[in-house]
Amino acid sequence: LTINGTNIPTGSKKVNLSSWYHDRGWANISNMTFSNGKLRVNQDGFYYLYANICFRHHETSGGLDTEFLQLMVYVTKTNMKIQNSDTLMKGGSTKYWSKNSEFHFYSINVGGFFKLRAGEEISIQVSNPSLLDPAQDATYFGAFKVRDID
Amino acid sequence: QISPRCNSEKHYEHFGRCCTKCDPGKYMSAKCTATSESICLPCGPDEYLHTWNEEDKCLLHKVCDRGKGLKVVHPGNQTFPRQCACIPGYHWSEDFEICQRNGKCDPGFEAENPSDLWLWINDRCSILRRNKESSGDNFINTHMSTNSASQAYEDTLLLTKEEKILSEDSCYPQGHTCGEADP
Amino acid sequence: LTINGTNIPTGSKKVNLSSWYHDRGWANISNMTFSNGKLRVNQDGFYYLYANICFRHHETSGGLDTEFLQLMVYVTKTNMKIQNSDTLMKGGSTKYWSKNSEFHFYSINVGGFFKLRAGEEISIQVSNPSLLDPAQDATYFGAFKVRDID
Amino acid sequence: LTINGTNIPTGSKKVNLSSWYHDRGWANISNMTFSNGKLRVNQDGFYYLYANICFRHHETSGGLDTEFLQLMVYVTKTNMKIQNSDTLMKGGSTKYWSKNSEFHFYSINVGGFFKLRAGEEISIQVSNPSLLDPAQDATYFGAFKVRDID
Amino acid sequence: QISPRCNSEKHYEHFGRCCTKCDPGKYMSAKCTATSESICLPCGPDEYLHTWNEEDKCLLHKVCDRGKGLKVVHPGNQTFPRQCACIPGYHWSEDFEICQRNGKCDPGFEAENPSDLWLWINDRCSILRRNKESSGDNFINTHMSTNSASQAYEDTLLLTKEEKILSEDSCYPQGHTCGEADP
């Protein structure tokens, strides 16, 4: 799934990113359902999950609130049956983005192999959403089933 | 023949039968069959399950990472998740999952061990700030009220998320960001 | 495929990296063809694409043109049928590599799951090619087919 | 496999990380064996290997030995038959972690597709182990078989 | 029986038949069969296909990311890709896919709205610099020539890559890096 660039939350707080394309451009989805901002698992199995998140700031967007940033992504699994939500993967970096520089850019990539059950849901949270790069080759996430659970 | 209402909190349907889930602290190593009940085994060390469940594995207790300024306030057990809190002088920032240095209180105002209160609640904090601005008073001092549901550990009051109670007098130094509960 | 360390372009401009080993060391290739610097898809399918790029600078290589760098990788798909070339994935970071430090190092990893058609070609572009780490465990890319297109 | 947070080596030297959970929390393993700190391959095949490593430092842990760090991960393959050990993948970055900042964080992700033989072993080395984030969503590695060797 | 030359720009061979591709602005939702023609459907919002094609999906318009200093100069439609340009004072750097601040022109030299010209071409720039060094003249002033193929949008001249034309008098301030065309 690729980020829907027209609907990115603002601010620097940690937010849930729920606005993704699932059928446009490079985005594709099969055997999984995308609804209310979460990717739901339809079949038990071992899946490889991955996310690529790019942050950028250009001087023409005005000054940053602070030069000391922590740019993070959290990939979370929600299991409705036991009312539990846990982080599967996290990545990112503290950054010093000096005010004198014209442009700043930073990308994070996380990936991992997880046992998922039908009904469980995957969602993405990031810090500093207003710095997200809205291009489809920059901010995207996905999953593919590797094999069944024996 | 209407099968008994099954999918309640403690039962699940399998092979047309209504079987019992595993109680908190246990995971389901085998589902029930036509002739046998579910097989439940206790969670291992460092694991827990806080509800009746059909999970094939327990959840892992989180690490109260001293390297992020955290300490254990409740070690957790097979049915209750471990609880961490920031060491004195710091409060939990949910945004970055770290302990952030507390802002300084003005002279004459002293937060009553705010660092031990992992209960800095984002939403309440902003509400207070609004009231605070309107009331023109810069800081309000914190005093936690206790109630039956809370378990006291050392000198920290521990409330589950649902029972977040914060009285009017919290020390919210100007421009200070609050963290969500439960690091 | 792993970078051919003996044939790395110079300069800091964005260049196409076309010199890769496809059969030496860890490099391996099957059901895909490597020709004129591009990895061509032979069978329609869903593929997982990935690239790991390392940049480094040692003081013995002389001074850097600038201390403000942007180290980037772009994984591009070319579709000859419609004469179109687009970036599938990008990653990297702006960096401040101070002249006083002996050594600088930075690695980027990108990965993603894409529908590819026979005849389409995957290629890698990077900025600052002269800073590329030529080791096979540092700079490599690849793809493997996960399943057919139903 | 996810890092066993209770048994992380100290110091800043490059060390072998041998203490991993293979059956707790998100960790899972099948058709491979985890013994004396290494992941052993049981079946020949093409495997996708990946590792995610997070480093962090909080001011309450005392000062850093130096502000100039190199945070690295190395994924190594050991082939007992020919008594050989080689790095398959590496990633990381030189970092300037200023003493005035409260908190520093940095994550690395590496991944790649490799032909592995039964008996070969995969292990992880990192620099600065004492800075490792012990959470299961932060520091983990794994492998899954994609297909046989034809 | 020699089948007619088929794989031209508008046809393709399928099941031994010569069928019609989909025209620009449409994608092929189903190939032709022995008895039916190809089924073509229009590209969705924010999508395009600029040639006759057998694609099962349209291409997505790029984002003119204001957060990188870009603005839309042509919104694009179902047959023509969206075009972006840097906002005044910046020019496109293909190397880093960002808008780089224009270098300052020396007093007395003024680039004619260089910021709107997304046509800073890497190769030409270095050639000029060499001439420039040899001729000892620090800056040359830019003036774009127009030709029939160009489409004028607002005050920006838009040339396709093939028709890059740059006359001798470009203002290339010392040590200034040029960007490739078409951000």
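Just so it is clear, A, B, C, D and E label the chains in written order, and each chain counts residues from 1 on its own.
In this section, a contact is a pair of C-beta atoms (placed from the backbone, for glycine too) under 8 Å apart; a residue touches a chain by one contact, two chains touch by 3 or more.
Everything quoted here is computed from the prediction, not taken from an experiment.
Novice: In terms of Cα-based centroids, which chain occupies the most central position?
Specialist: A
Novice: Which of these pairs, A-B, A-E or B-D, matches C-E in more than half of the residue pairs in contact?
Specialist: A-B
Novice: Which chain's C-alpha centroid is most distant from that of chain E?
Specialist: Computed centres place B farthest from chain E.
Novice: Nearest 5 degrees, what's the C-alpha rotation angle taking chain B to chain E?
Specialist: For the C-alpha superposition of chain B onto chain E, the angle is 125 degrees.
Novice: Just how far, in Å, is the C-alpha centre of chain D from the one of chain A?
Specialist: Once rounded, the distance between the two centres reads 23 Å.
Novice: Just curious, how far off is chain C from chain B if you go by their C-alpha centres, in Å?
Specialist: It comes to 44 Å between the two C-alpha centres.
Novice: For chain E, give me the residues that contact two or more of the other chains.
Specialist: In chain E, 59, 96, 98 touch at least two other chains.
Novice: Of all residues in chain A, which are in touch with two or more distinct other chains?
Specialist: As it turns out, chain A has residues touching two or more other chains at 26, 48, 70, 72, 74, 86, 90, 103, 105, 109, 111, 135, 146.
Novice: Chain pairs in touch?
Specialist: A-B, A-C, A-D, A-E, B-D, C-D, C-E
Novice: What part of chain C is in contact with chain E in the complex they form?
Specialist: Answer in residue numbers: 12-14, 70, 72, 74, 79, 81-84, 86, 90, 127.
Novice: Write out the stretch or stretches of chain C touching chain A in their complex.
Specialist: By the definition above, chain C touches chain A via 46, 48, 68, 70, 72, 74, 86-94, 96, 108-115, 146-147, 150.
Novice: Tell me, which parts of chain B touch chain A in their complex?
Specialist: 49-51, 53-55, 59, 94-98
Novice: Quick one: in the complex, what on chain D touches chain B?
Specialist: 2, 5, 21, 24-26, 56-61, 102-103, 105, 131, 133-136
Novice: What part of chain D is in contact with chain A in the complex they form?
Specialist: Contacts found on chain D: 26, 28, 30, 48, 50, 52, 54, 98, 101, 103-107, 109, 111, 135, 137-138, 140, 142-144, 146.
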